[in-house]
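As structure tokens, here come the structures.
Two complexes are shown next, each including chain A; its partner changes from chain B in the first to chain C in the second.
For the complex of A and B:
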């Protein structure tokens, strides 16, 4: 609850900041300080210190899982703001407003992580989505950005409509929006519930860009300003995934098997389309968009397995994926050339940045000693606990092998090609330090995952 | 009139909305169809709310506030829909300023 209220207040403060503060540096400092405060408040709540006593009527419940996840995402956002804030200047003139929108999105993130009522789920997803439509279109003169914003808006609100239909049908069957209640379902209402579940499954698959509902993702991620693509592809996606898993766990956990096959098909199709299409991309930004679809395929295993290992795996996966992707996007946002050739010879000209990028790419590909490997391992282990899922696990391993190809194309460009004509940008010292810290974090989590997972249990 | 009729109307409106989104090419008409979908859901929620209330009264709960949360949800949908309209129309206007059209067939620059 701390983080939810403080992020809403910070959003309002940032909106006023746009008129009161003229210096870009002071706006940036305010946002970074606010983010630090937010992270601190959430960590204090994990320790049992609550600033606000609000009667929530059982609609929201901040349990340990939600709080740990939220702290992780807030840390990722803090690092994101430190790395990417200077790049937001290039997007447009409303510098402080972008931060305000980011804080409002974090408010929605807090809601979807802790919802216990479908009303809160709906509001949280909308509070995340509506600012994102604006951020996607924030580069007003850029036609690609306009197009991405319109596409994202139309498809996003369409999927919201589907989600609402699902919620209405589930309400018809259950008579309550609370996910905690366990009402008796009559056989006639069972059909309503199954139809509602199908709508919810499709619309949430839309939101997390699982194939075959992924077609908006590459266009939107490619067209949006790179700094905001980074935010969309990591923090928002991880938060919506938690909502997805929670929703199905709490609402449909007891009619086992009925939806599991659908999720298995979604997972297989997502892994296949994400990985195979990523191989053929020429632009690193677009490759990362497809890679985010492929990684969503792995995260769907948490939904498929629906057990303790799956939840631990989701936490670790979110950490590995968010840190690595934010790092790569932060470097990409400063590059002049977004193709693979743009990275040519970076190992020689910018050795430190190239080494950090290499760690991130190893983690995304799932090479041992990085967090990405253990995250994939936990996911597959969780899935194996479900009888009859060996084929899916084998398929996932095969697809992870395919993913090595396109991640290593960047590595190959950095280390085995000569620098081209376009020079690489200069990176300031603090950028190097933060990027190095993130790479270290990815390796530490890969060796000692208990540091993060242990937080779940006390 | 039994509740089921309202549910049929809601399903019909929702289907019209979905078909409209999938077939029309004008961004504003697609947007109207999305609003139609949301309003179909509103109708459905109110119908279900009434249905649960009747069931509760039949079961002996005469306090009569069973099912009221469905009607409450409708207000939230209206608020969110209004927020979406403001953002959506802003995006469509921004698009129109740049390409002087709201036809989504123009949305193919991102395809390679």
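For the complex of A and C:
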């Protein structure tokens, strides 16, 4: 609850900040300080210290899982703001407003992580989505950005409609919005419930860009300013995934026979389309867009398996994926050339940055001793506990082997090719420190996952 | 503790190398640290040979059912010894090569050594997978950064191939872990598994493909000749001399004792693939003009014989494989060193451009002939006892088709003699070629390296017991583990 209220307040403060503060540096400092405060408040809540006593009427419940996940995401956002805040200046003139929107999104993130009522889920998803539409189109002079924003808005509204329909049907069947209640379902109502479940499945699949509901993703990720793509593809996606898994666990956990096959098909199709299409990309940014689809395929295993390993795996996966992707996007945002050739010879000209990128790429590809490996490992282990899923696991590992192809193309460019004509940008010292710390974090989580997973139970 | 040192020492030395800028310092330090590793390995075989000094176990990743466990059994000892002996020879053998970013080159080489030590020593399946990848990635970087003209696509193919194999293995390991009684990755738990034979028959291929790609066994070999040709000389030596043994070790330690029924059932298929590989690779080797590619294909044939012998499942064949793993490593490193010397001296590896080298460089010729003859298993050289034991073993195999396998594999030996003797004849005798007219004989340090290799060849050829004794206990125990005759007893 701490983080939810503080992020809303911070959003408002940043909005007024744009009129009061003229210096970009002070805006940035305010945002970073606010973010730090937010993380601290959430960590305190994990320790049992609550600043606000609010009667929630059972609509929200901040359990340990939600709090650990939220802390992780807030840490990722903090690192993201430190790395990417200077790049936001290049997007447009409304510098403080971007931060305001980010804080509002975090407010929605807190809601979807801890919802116990379908209304809160809907509110949370909308609070996340609307600022994202704005951020996608924030570079007003860029035609591609405008197109992406409109596309995102139209398709996003459509999926919101589906979701609302699903919620209505589920309400019709259960007679309550609460996910905690356990009303008896009559055979007549069961059909309603299953229809509602299908709508919810499709709309949530849209939000996490699972194939075949992924068509908006490459265009939107490519069209949006790179700094915001990074935010969208990591923090937002991870949060919505938690909502997805919680929704199906709490509401439809008893009917897993009905939806498991659908999720299996979604997973397989997402893995296939994401990985195979990423192979053919020429721009690193677009490759990362498809890679985010492919990684979503792996995260869907948590939904498919719906067991303890799956949830632990989702936490680890979110950590591995967010840190690695934020790191790569932060470097990419400063590059002049977004093609693979733009990275040529970076191992020689910028050895430190290249080494950190190599760690991130290893993690995304699932090479051992990085968090990405253990995350994939957990997902596969969770899936194997479900009888009859050997085919899906085999398919997933083969797709992981395919993913090596496009991640390692960046490595090849950095280490095995000579520098091209376009020079690589200079990276300030603090940037290197933060990037190095993120790379270290990825390795530490890959060697000692207990550090994160242990938090879930204490 | 010895096992732990064998991994940690090269790893620490390798990481230190990344901070070295000067080529000569890096090279000397690499030689020093690889010699130190050799000393540790030798101490482990002599002074500290008690079993408790070879095992090490600490909890790690316990939530996954894994632990950091090392244990040197007979096969582990033979292979760590090979790994420890190979590195000083390789570094000294390519002493005159100059590398861009030498610190990084030698650092990656030593990291690969640490990874392979881990693969040879660990008794935990997850740790095995970690080390498997830890050995692969430095090799990929080495071959891609310092290799020949076509290095990037060629080594990428190698990497993707091997990685695809290893993720299949990972899926298999995960499945096995869920089947164990205590959900652990330990080798002991895996060996206790008694899986249904239908499951075994399917699981077998997940593991076999991974190991077959590594060795490589026909038809998974297509990455190998290109990679050996394009990788820098020192990397090729380690790749072909030591790293391919990871595949054989995988078969012997993680596949056959865990899935004994499937290993028996698929034995004929594997042996067929192996002998097809022997004949196929030997025939291609005859037609090769590039020395490196010739040796690369001959290596496929040798590995094919070893994998066939492993599936013969008897003591003679197993012991043959154990000593041959060591001896093949020594011989092929010797050949690569000679080819590297020829390439540096004459500027070519093409047989058609060489000729008459024996006149200018008689000492080089003598070494070449001895090592090449060892490669085709002439009596009194090290490969002879190994191949003899393996053939003897295949003759005693339970397979219905054993006689066919022996004949075809024997044909491979004849073909090996054809391409090896032909290579010696065309490179060293006859009229001097266009490029081989100039160039002197061996230098002192090259004589030392080759002298040591020839010494090892003769020692192991005359007194193979020194290796056989090391692995005998392991082989006997292993045969007990893969024995499935209890299934037929009523």
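Quick note on the criterion: the second predicted complex is superposed on the first by the 458 of 458 C-alpha atoms of A that agree within 3 Å, B and C clash if a C-alpha of one lies under 4 Å from a C-alpha of the other, contacts with A are read in each partner's own complex, and residues count from 1 in each chain.
Basically, a residue touches a chain if its C-beta (ideal position, glycine included) is under 8 Å from a C-beta of that chain, and two chains touch if they have at least 3 such contacts.
Bear in mind that the values here come from a model prediction, so they are computed numbers and not experimental data.
With both structures placed on the common chain, the touch criterion links A:384 to chain C but leaves chain B unconnected.
Measured by the number of chain A residues touched, the leading partner among chain B and chain C is B. Within the superposed three-chain model, A:149 lies in touch with chain B and out of touch with chain C [touch as defined at top]. After overlaying the two complexes on the shared chain, residue contacts for A:140 are found with chain B alone; chain C is out of touch. Once the two complexes are laid over each other on the shared chain, residue contacts for A:453 go to chain C alone; chain B is not touched.
By the document's definition of touching, of the two partners only chain B reaches A:177; chain C does not.
Shared-chain residue A:408: touches chain C; no touch with chain B. In the superposed model, A:130 makes contact with chain B only, not with chain C. When the two structures are aligned on the shared chain, A:168 is found in touch with chain B, with no touch to chain C. Chain A has no residue lying at the interface with chain B in one structure and with chain C in the other. Listed in rising order, the residues of chain A touching chain C in the complex are 366-369, 374, 377, 380-381, 384-385, 390, 393-394, 397-398, 400-401, 404-405, 408, 412, 415-417, 449-450, 453. Of all residues in chain C, only 61, 63-64, 129-130, 133-134, 137, 141, 144-145, 151-152, 156, 159-160, 163-164, 167-168, 170-171, 174-175, 177-178, 206 touch chain A in the complex they form.
Touching chain B in their complex are the following residues of chain A: 119, 122-123, 126, 130, 133-134, 137, 140-141, 143-144, 146-151, 153-154, 157-158, 160-162, 164-165, 167-169, 171-172, 175-177, 218-219, 222-223, 282. Residues 7, 14, 17-18, 21, 27, 30-31, 34, 37-38, 40-41, 44-45, 48, 51-52, 55, 66-67, 69-70, 72-73, 76-77, 80, 83-84, 87-88, 90-92, 94-95, 98-99, 104, 106-107, 109-112 of chain B are the ones touching chain A in the complex.
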